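When the chains are written out, they are named A, B, C and D in that same order, and each has its own residue count from 1.
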Amino acid sequence: MKIGFIGTGTMGQPMLANLLKKGHAVVAYDVVQAALEGAVKRGAARAGSAAEAARVSELVITMLPSSPHVEAAYLGAAGILEGIARGRLCVDMSTIDPAASRRVAEAARNRGVRFIDAPVSGGVPRAEDGTLAIMVGGDARDVEEARPVLACLGANIIHVGPVGSGEVAKICNNLIAGVAAVAVSEAFRIAEGFGVDPKILTDVVSKSSGNTWVMEHMHPVPGLVGKAPANRDYAPGFMTDLMAKDLGLAVSAARDLRVPVFVAPAAQQVLRLASSHGLGRKDFSVVYEFLKPSSSQAPV
Amino acid sequence: MKIGFIGTGTMGQPMLANLLKKGHAVVAYDVVQAALEGAVKRGAARAGSAAEAARVSELVITMLPSSPHVEAAYLGAAGILEGIARGRLCVDMSTIDPAASRRVAEAARNRGVRFIDAPVSGGVPRAEDGTLAIMVGGDARDVEEARPVLACLGANIIHVGPVGSGEVAKICNNLIAGVAAVAVSEAFRIAEGFGVDPKILTDVVSKSSGNTWVMEHMHPVPGLVGKAPANRDYAPGFMTDLMAKDLGLAVSAARDLRVPVFVAPAAQQVLRLASSHGLGRKDFSVVYEFLKPSSSQAPV
Amino acid sequence: MKIGFIGTGTMGQPMLANLLKKGHAVVAYDVVQAALEGAVKRGAARAGSAAEAARVSELVITMLPSSPHVEAAYLGAAGILEGIARGRLCVDMSTIDPAASRRVAEAARNRGVRFIDAPVSGGVPRAEDGTLAIMVGGDARDVEEARPVLACLGANIIHVGPVGSGEVAKICNNLIAGVAAVAVSEAFRIAEGFGVDPKILTDVVSKSSGNTWVMEHMHPVPGLVGKAPANRDYAPGFMTDLMAKDLGLAVSAARDLRVPVFVAPAAQQVLRLASSHGLGRKDFSVVYEFLKPSSSQAPV
Amino acid sequence: MKIGFIGTGTMGQPMLANLLKKGHAVVAYDVVQAALEGAVKRGAARAGSAAEAARVSELVITMLPSSPHVEAAYLGAAGILEGIARGRLCVDMSTIDPAASRRVAEAARNRGVRFIDAPVSGGVPRAEDGTLAIMVGGDARDVEEARPVLACLGANIIHVGPVGSGEVAKICNNLIAGVAAVAVSEAFRIAEGFGVDPKILTDVVSKSSGNTWVMEHMHPVPGLVGKAPANRDYAPGFMTDLMAKDLGLAVSAARDLRVPVFVAPAAQQVLRLASSHGLGRKDFSVVYEFLKPSSSQAPV
């Protein structure tokens, strides 16, 4: 199939490489020239605009950094909706505000174009392996139509619900994971202050009500879980900046919905602050490092 | 063995009943007369003070509501350390500040008395079944000496480290569990606002980085997990007030250690506020109910 | 002067009434029919769209509830920028995201139209008296041109800086005021718990480092400051929902700017939660009521 | 008068120097030898214990770093209550938990000894000038008896209420001041991100609902308020570590009282974290520096 691929950054390039490998043709576009060059080197054809990429393709995939980028790519001048033929299907794989997904979907529908959201998790390594987890929101028929293409990119494809639901599932999952990482870090800092062996505590917690995926797979304390980023100086994994972004999407969605939230903004802001202090490109489990005790001698 | 049992409240009574059932003799004391009567009805002998209960026993167990109660029971007038013979072993099964455990342990040591901390989890149902989880801090020999008695009370007995470590393990585990419950509640409130099916979201999260014991076993949204308190109008389980207490112990310990913590106090305070608004005796997963969206029509 | 007035809700109506009183002609428009009727009753002419109101006027004023409303009124179909003649001046008096102000200003500039932001504070009473405080962002010449009209609406008109700066000043001021109200409430709840006379504490704080405008003028504890909303069952004043909105704008702006913030989201969310529990239309100082102590007997 | 002075640290030394200057005799004690030497150099007589200092004096003053120090000095071995004659008056000028003040007062009363709490504000400069603000809790007669001595130390002596009330007033005031400093810092960081002139914003806020003593006197942004610590690289003033301590006392008191608090712990923890990152001995307005925006290029 001929696929228009808009957004050929760090994640987009290995994804389109997998599409090519599975025999699809890819017409790529990115507003950043260097990113577009990367896609061409991997074997994609070059389009002069999102509109052009959409015009010449049977299916459009977008993989962009944020809601405004996605809205511009679809709705802006020389955007996808200018070029695309009626009846075509667009798959947005960016992680963005679910409300933005719905706005774009509605604008697409008004032009007779179909749109589904399909954000991914797993990062660059699983993008390269083609084993991303993909959470999809949209009409069941559209999701089924996209499934063979998505299967080139990911191993676990879940249809969550109507348009926007993929995004909702992703930011809700990441809300919990991000908060849990901060909670685990706080708990192990306290245990450390009392001189409790973190290995034994890990053992206790793993069999108790405090058990979390985050502790089992990305333990923030170095030396406890084999493949955890903590064991390679917090090389990501999933960057602090990206987790701060996803928590920000969740908190912002909560605001729009008038849902009061407390632990999500606390985690968001502490990751944001860690980024201010130079840890934005480390794995988000580095928050453990950031939450070190004060060595002050002043009274408490 | 003849066991002095101080603190015969809601948890203490089923615990001492199990000791009696396993053939131990129990001499009970409680400052609250009604609580002491309950113990006597279950077959315990009555002591006139903590000191007296300690004097006539081979082993002392305490099960009290808070740090000041424990310090008073051991260090106060007519307290355990006044009555107990040198060389005896005391087991404090209360959930209290680990620093308080250490203070009491030191005072005991100065009198030639041994002390271990052994807080429990599982609540009244597992206290009745004798299947509590017990986290123990103290010298290995003391822990082994106490183990046969603890085995009458619990199914899973873990030696965590030196005195105070049992408490540390408990409050660190509960820190994570309490924060996770708030995070899960926030996530599902957001999903609900977008109309996403909570059953499908549960499925997605359970296979992703956001998975937590709390969601799997105590899902705050009614109708999703069979035995969860949410399905019986949030009957505990583990009360909001007790989780607020345990988070408070963790936050307070962090303060003493100069460890900065963010999500733990946020969770603590929202549970405390839920208690102010009448939910203190419900299961702590009721925080989902408390975090309902505003129905306001005002702009956001 | 003939003034197009778009947004004739609770605040807009007394404002346009003052314009009429000072001899201006007003052509009004609102998407809500009832709101538009109210404006007509006060003496405004009726326009069929924002575009029409803009087409027939020498100056356009907008007074709308949120960023999306403002963007729609200017940029949408039959919006202001469709109808307005090149060279005209628009004054947006809504409280919105400063970034939205800048987006609208840029779109206006591209059409040869001038735009300034001029959010107000003081609420309905001061809108009626024509004594609003007005914080203005825009080119100095534009601000001077608008000043005579603004002077019909407000007593204190401050030019803060370039476009968006009026909004920035407003949300930054309200961030501090909103947080201070929560801080004052927390402090007086603690004092109350210790039985300290709030009148004496007010006296102490007013002469110390904790003094704030909020305590002096809107003391959250009833009976201490004559005109405070607390003395009339928290009738606003400035509604909880509106303060939650302004704190939300500040927190959201911080997110866009990558500024880490901690007390602002804490205050925002507790006001949002107070709204969930029925206090959204009370004065925001009602947060004192909401933060009542738990009457629980459980240990802490 | 002959005054026993226990706690001759950084604050205690200039205070006892003022007592000496006004003609009182001072018998000093401190557990830290170097601190005691300092007092002797300034002209105090040396006692071998708190008990001895108390035994030989007509009035006892304590000025210690934290609640456990105060409890040890009064209640511990060779402590004040061991040495002091019945009927004497003790004045604790430390900043501690009001509940600890009350416990010590009760223990004193049981020995026939009178106790008042009288924490100060103003720091070392005003301790040296003898112009501290002193908030006093205790029986009116005791306060009047102490007043002439307190007048050697401070300029503004306020009787707040019964024992503990001085502490309550101090921590409640500092709760508001500490939170306000963080709020002002957040607001000015946001304004800065939008390029708004902080001088003009200061002007706007100072005339609006966001005005606070903290902004007027200790503006966190350098270059705006003459004597603010921000203008001398945040040399204190009042150290971050001490403000974190006072916020911790307030939050801990709230916990004991079951009062839910949100902005106080948020401010406490961000100051604690600033201390972890090396800012503990700077003025607490340095939190503005700490809350710098992330320079990350990642999407938000």
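Convention: a residue touches a chain if its C-beta (ideal position, glycine included) is under 8 Å from a C-beta of that chain, and two chains touch if they have at least 3 such contacts.
Since we're looking at a predicted model, the values are computed, not measured.
Annotation of subunit A and subunit C: jointly contacted by B, D, touch as defined at the top. Counting every residue number used by either copy at the subunit A-subunit D contact, over half are found in both chains. For chain pairs C-D and B-C, the one joined by more C-beta pairs in contact is C-D.
Relative to subunit B, the chain whose mean Cα position lies farthest away is C.
Distance between subunit C and subunit D, defined via averaged C-alpha coordinates, is recorded as 38 Å.
Subunit B and subunit C, compared by their mean Cα positions, are separated by 47 Å. Looking at subunit B, one finds that residues 248, 255, 258-262, 266, 269-270, 272-273, 275-276, 291, 293-296, 300 touch two or more other chains.
Per the touch definition, subunit D reaches subunit A in the complex via residues 65-66, 69, 239, 241-242, 244-245, 248, 262, 266, 270, 272-273, 275-277, 280-281, 290-296, 298-300.
Contact residues of subunit D toward subunit C in the complex are 98, 121, 133, 135, 156, 158, 160-162, 164-165, 168-169, 171-177, 179-180, 182-184, 186-191, 193-197, 200-201, 203-205, 207-215, 217-218, 250, 253-264, 266-267, 269-270, 291, 293-296, 300. Across the complex, subunit B meets subunit D through its residues 248, 251-252, 255, 258-262, 265-266, 269-270, 272-273, 275-276.
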